[in-house]
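What follows is chain A paired twice: with chain B in the first complex and chain C in the second.
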Partner chain A sequence: MSITSKGPRRDASRGGAPTPQTTESQTGASLPVFVNKTPNRARWNDAKKKGEPFAFLAPVIVLIGVLMVLPIGIVIGYSLFDNVITNKNPELVGVDNYIEVLTNPTFIAATGNTLVFTGASVVAHLVLGLAFAMLLNTNLLGRFSKAIFRTIFVLPWLFTVAIIAVLWRLLLNPSGVVNFLLSGVGLADQGTEWLSSPELALATVTFINIWAGYPFFMISLLAGLQGIPGELYEAATVDGASWWQRFISVTIPQLRPIIISMLLLDLIWTSQQFALIWLTTGGGPINVTEMLSTFTYKLAFSRYEFALASTSAVIILALSGILAFFYVRHQRARD
Partner chain B sequence: MRRGAVRFVGMGMAAATLVALAGCSGGGSGDEAGGDVTLEFAQWWEPELPDGALRGLMDQFEEENPGIKVELLSGPYASTKEQLFAGAAAGTMSDVVGLDGAWVNDFSQQGAIADLTKLMADYDYDDSQLASQIQVDGSTYMIPVVNFVYPLFTNDDLLSEAGVAAPPTDRSEFASAAKAITDSTDAAGWALPLSLESPSVIQNNVMSWVWSSGGSMLDDGKPDVDNADVADLVDYIQGLYDDGVVAPGAFTMKEQDMVEEFTNGRVGMMVDSLAHINLIRETNPDLNFSISAIPAVDGYTGERGIPYASWGIGVAESSEHQEEAFKLVEFLMSEDVNAELSTVANAFPGNKNSTPDFEGKDELFSKAFEIYQAGYPANEFTGLPVAEELMRQFDEQFQALLEGNQSTEEMLSKVQDSWSAEF
Partner chain C sequence: MTIAKTPPAVMATNEARPLAIRNSPREKKRRWLRVGAVLLLILGAAFAGGPILWMLSSSFKSNTEIFEYPPRLLTENFSLDAYFSILNDPTKVRFFINSYVVSIAVTLLTLFIAILASYAFSRFEFKGKRIINVVIVSVQAVPPITLLIPYFGLVVGFGLYNTYPGLILTYMVFTLPYAIIMMTGYFNTLPRELDEAVRVDGAGSWTALWRILVPIATPGIVSVGIYTFMIAWNEYLFALTLTRTEDMRTVPIGIQLLMGQHSYEWNEMMAMSILGSIPVVLLFLFFQRYFLGGLVSGSVKS
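Showing the complex of A and B:
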């Protein structure tokens, strides 16, 4: 009812000069209200009220601005100059850098390698992650056994990239354990150069990345599997569905939202993998394991071509942005 | 309540702004109360020296130069490199900086490091005592403080098992010894780490063979990598590779892998830094090995170039205390201090008149010093633009050659073109 009385009273207590007037209530009765006589103060109050949400948002806006918008803007700006950082007076060259990078044979090779590396890794992460998650979700094992297997399966996820790289470099050394074991059963030669052979290197680093990344899928899918109501499987069994039919018609549809989210995130992460490649092969031999990330790093820190490196980074950002767009759209569709 | 929250947010933002602004300011040196000057000295040396060794020298410098303090900014090599490049771009480079010869050209072109020729003239410094200076366009930008030489390491037990009486002195002897080790023992003859992650192998393990025979990869400071000396060497190494005497995994092998292979007796010979002698002794005290000069072409009798890597020093162009910074350079290059630093670093001095103290040291150090004094320090990559990239370009084409994808002529022609483009 007399909803307007509180504000003016507060102003009055601060020295304003509210004057009682009348207005019509919803019932038509005349009620006394106070209207502030000083329009500046009213405007100030109004602005303060409107500005309050922005004040609350300000820390986040400042952080996003400083940590994301500004650096991204600077890198995009750098990509339009002939060279920056090492050049005191850079000149604007427009899209020349983009043409140079996109027509660079190494960039094209790196794009192809990144596609193979990412595609194979993501598919294998999903298949292995789902397989291990289903094994761990079985009722045939006791809790203790499940805990042991869960610990073993999740181990690769606990290692840092540097440890993974050192570990596999040692294991895959031509005179290392892997060759010793495989040659013992006649599956490989004693001196097989897993990381140094141009024929094997890309497949080998992809394998290492698969080994390092599948537990993330496994844990997420296991959580999803545990959330599928048992009634759905019971109903399917009653309807005479085989194991495969239950998997295709119950398990997969129930896991679909998680699978799609994980696939998109993994695509983004794997396409940006740098440390593993750098520490195992450095992009070699020749350029068979050169990725977009290592290509960009070399432009910046080996050739000191920071403008070209920025250009390459912007191209990667755009490609990741496309994947991020689909991810966000998928998340919104879910909500 | 809400007003309090807004006020709190406002205060938080103000504090954050102050912190951000504080972070943006500064860099380089500072003046303390009382007129003292504090020099920043960024380098990767301290972690590689015995605990307190570099700080001890800085304390001595501070004692001898009242009013000047030195703050050591130490980190691993790679971090120091990135920090210096960031500092050079932002104009906040430390007053005195540890330099690698491979960075000098880029920093000097950028105007980030000071012209030491001018500083030496300004402060009447006698540069005749310096063993070498790294110059760009005739001006010195870096002074090598200590040098780490790269001799040939040989596993004497493997050599003897293979029927080789003494370490090889020329290329034919080396090829025979490598073949004999590979054929007669379980080890490989030679380790050639060609990892593209750290392509300095091209400087230390490939071009060093050209310099040891008095050859060059440059002509008047410009690329001349397709000359006969380099072509001969490339053919020679390809011959060794095709003979199967190079340890497997060469294309992704790093320097530390090579040292490990040698230490464990899986490789008979390697070209490596003298700095690794202690590491090898500690890891495998029973290993019987020796060092010698890198083999030269058959019949070569001239002076041999010995590849080296340096801990170099320079002064930031943006330093407000160049006079004090140069005093620190002068101190580190003085006869006694330079001898002391080279002794603790297991390196050779940058001052001609300094002699490291070999007492209590591995006898191989004095042998190496003889090799060093008999030849001349050679490293043509120092002072070149984007030196690491030049090595990487060579490395990549070299791998393609060894893989059989191209001929020596094609390889060197491609390298010559790509190197010329960088100049």
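Showing the complex of A and C:
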């Protein structure tokens, strides 16, 4: 640029005079090219500016479109047809599949089991997570011992569900270590079938899920606790508030937004749990641990009833959608 | 210097404290509280860590010792046989290779795409921003089982059944929303002036993003990366459904295959569980600080 600008032509243009290539001959007007060009360039810059964020977003939009929006469309479509995939020319049956699934006794049982499993897990995750977080947040421990205990408490969360399932099958084996310890203190009989007795199986898988999931609450709540200004507690103490009163009037209100986010996320995730059930009980014995996810999976990949499975999948999507609605609304309110 | 003037903070050890204060009801109560808290912490540690300890101990036993009565945490015949038999079996090593390939690819691709998207969300105002944002937040709630059936069709249709790309693409649908939300939250905490200064100097947004923002955002990117890796490493449902042959199976499925084969090789399953957990546990331990911070600032405060 500095080299070319030494030339006489450039000097002229810098001086504001039109370059020799004005468009006078074409348009008859005396407008120089530069004046003509400016709005174009501005428009181009403007378009570029407007388009820029979309260029950055393009990969996500394409991926979400192809792998999220399209499949949801497909599954809703499947649910309206008779015997998709296995049949070459499936027939449109409207809501028949929905009636069939919603009146299926196993589906109803699975809904109930999912509710019990999810409700108990989420409440226990919150209670345990909060209790552990508060224990770690006391000033009774040194920094180092706190770090050690925090790492131990996070451990269950670092293991994948498939591994957790196998591990608890070993621990809860009728001749395993849990029965040995519990029968030692008279809490269970030697040989208790935790995972294969119809009375115990649902409670057992719920317990395993509680064990596996509370650290996520603990981590977030611990960060939340550390973010509560100390003055709030001091003020409450000056006012003569007891430990419990401080907990109710300072800790809980301060943690409220985090707790609500976590509860909603956990409700969404726990109600979709598949691997843990599949690898411990497979939904049995006699459906007592059948969840909506395992029910749907079996319909599709054991019985090849893809249309009914799609219907069940759409119903699960709708239920999750309700939870997602509250989650999105809550996140927005916090922003 | 009188006792009354000594600030309490100076009295670090019990011995340094006057007897009157050490035995005051308040101090007594504090000591009991400490004992109670430590007891609870130990109980909690047993609850959280006990099963993991048992997994470790079982992996060092021979299969006949697994259910010996009474059970013992430490076996006299400590052996690494279970580990060797896994590491010497090419099929089982393949599970690990598959898991690493898929998880690393998912992590890198997710980070790249999420950095671009988060930059747009954090630094630009544009039409449709709110809607795209809501879509990305709500996509997190879509149940995997809902997508499973159409994916099965799509993946088979595109010829990606039983391939790495099939798994990688599907995993990204679940890692991207979370990564974008966390990363946008992180970018929002970085002052705009930083990258705007570079853009005023004539560089484009692309340069501003990669030269300025990304290096500063490394802690956030690391935590998002670890989280993404964890999701990919742990995924079960799609790995189960979208692969068929043993040489394409990942670790979570591999452990299940050990369960099905002949008799249960509990010591091998435990050894494989330990080997399969090492990457995530190490990542977590090394980057704990980054990770917990990033997780919280992204997910909870976004």
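Note that in this section the second predicted complex is superposed on the first by the 276 of 335 C-alpha atoms of A that agree within 3 Å, B and C clash if a C-alpha of one lies under 4 Å from a C-alpha of the other, contacts with A are read in each partner's own complex, and residues count from 1 in each chain.
Heads up, the rule we're going with is that a residue touches a chain if its C-beta (ideal position, glycine included) is under 8 Å from a C-beta of that chain, and two chains touch if they have at least 3 such contacts.
Just so it is clear, the structure is predicted and the values come from calculations on it, not from any experiment.
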Is A:Y98 touching anything from chain B or chain C once the two structures are fitted on A? First, second, both or neither.
neither
So, does A:F247 touch the first partner chain B, the second partner chain C, both, or neither?
neither
Just chain B (first), just chain C (second), both, or neither: which does A:L171 touch?
second
Return the chain, chain B or chain C, that is in touch with more residues of chain A.
C
Per the contact definition in the header, classify A:I85: touching chain B only (first), chain C only (second), both, or neither.
both
Which of chain B and chain C A:L279 touches, first, second, both or neither
both
In the overlaid three-chain picture, which partner chain does A:P59 touch, first (chain B) or second (chain C), both, or neither?
both
Report for A:P156: first if it touches chain B alone, second if chain C alone, otherwise both or neither.
second
On the A-aligned overlay, A:F301 touches which partner chain: chain B = first, chain C = second, or both, or neither?
both
Does the superposition put A:Y233 against chain B (first), chain C (second), both, or neither?
neither
Do any residues of chain A touch both chain B and chain C, and if so, which are they?
52, 56, 59, 85, 169, 173, 175, 278-279, 301
Quick one: which bits of chain B touch chain A in the complex? Just the residue numbers, please.
2, 5-6, 9-10, 12-13, 16, 20, 81-82, 85, 88-89, 106, 109-111, 194-198, 247-253, 257, 266, 386, 388-389, 392, 395-396, 399-400, 403, 405, 422
Could you pull out which chain A residues touch chain C in their complex?
50, 52-54, 56-57, 59-61, 63-64, 67-68, 70-72, 74-75, 78, 85, 132, 135, 138, 140-141, 149, 151-156, 158-163, 166-171, 173, 175-177, 180, 211, 215, 219-220, 223-224, 258, 261-262, 265, 268, 271-272, 274-275, 278-279, 292-293, 296-297, 300-301, 306, 309-310, 313-314, 316-317, 320-321, 323-325, 327-328, 331, 334-335
Note which residues of chain C are touching chain A in the complex, please.
33-34, 37-38, 40-41, 44-45, 47-49, 51-52, 54-55, 58, 66-67, 69-71, 113-114, 116-117, 119-120, 124, 126-127, 129, 132, 134-154, 169-170, 172-173, 176, 180, 205, 233-234, 236-237, 241, 251-253, 255-256, 259, 266, 269-270, 273, 276-277, 280-281, 284-285, 288, 292-293, 295-296, 299-302
Quick one: in the complex, what on chain A touches chain B?
52, 55-56, 58-59, 62, 66, 85-88, 169, 173-175, 191, 193, 195-198, 201, 278-287, 298, 301-304
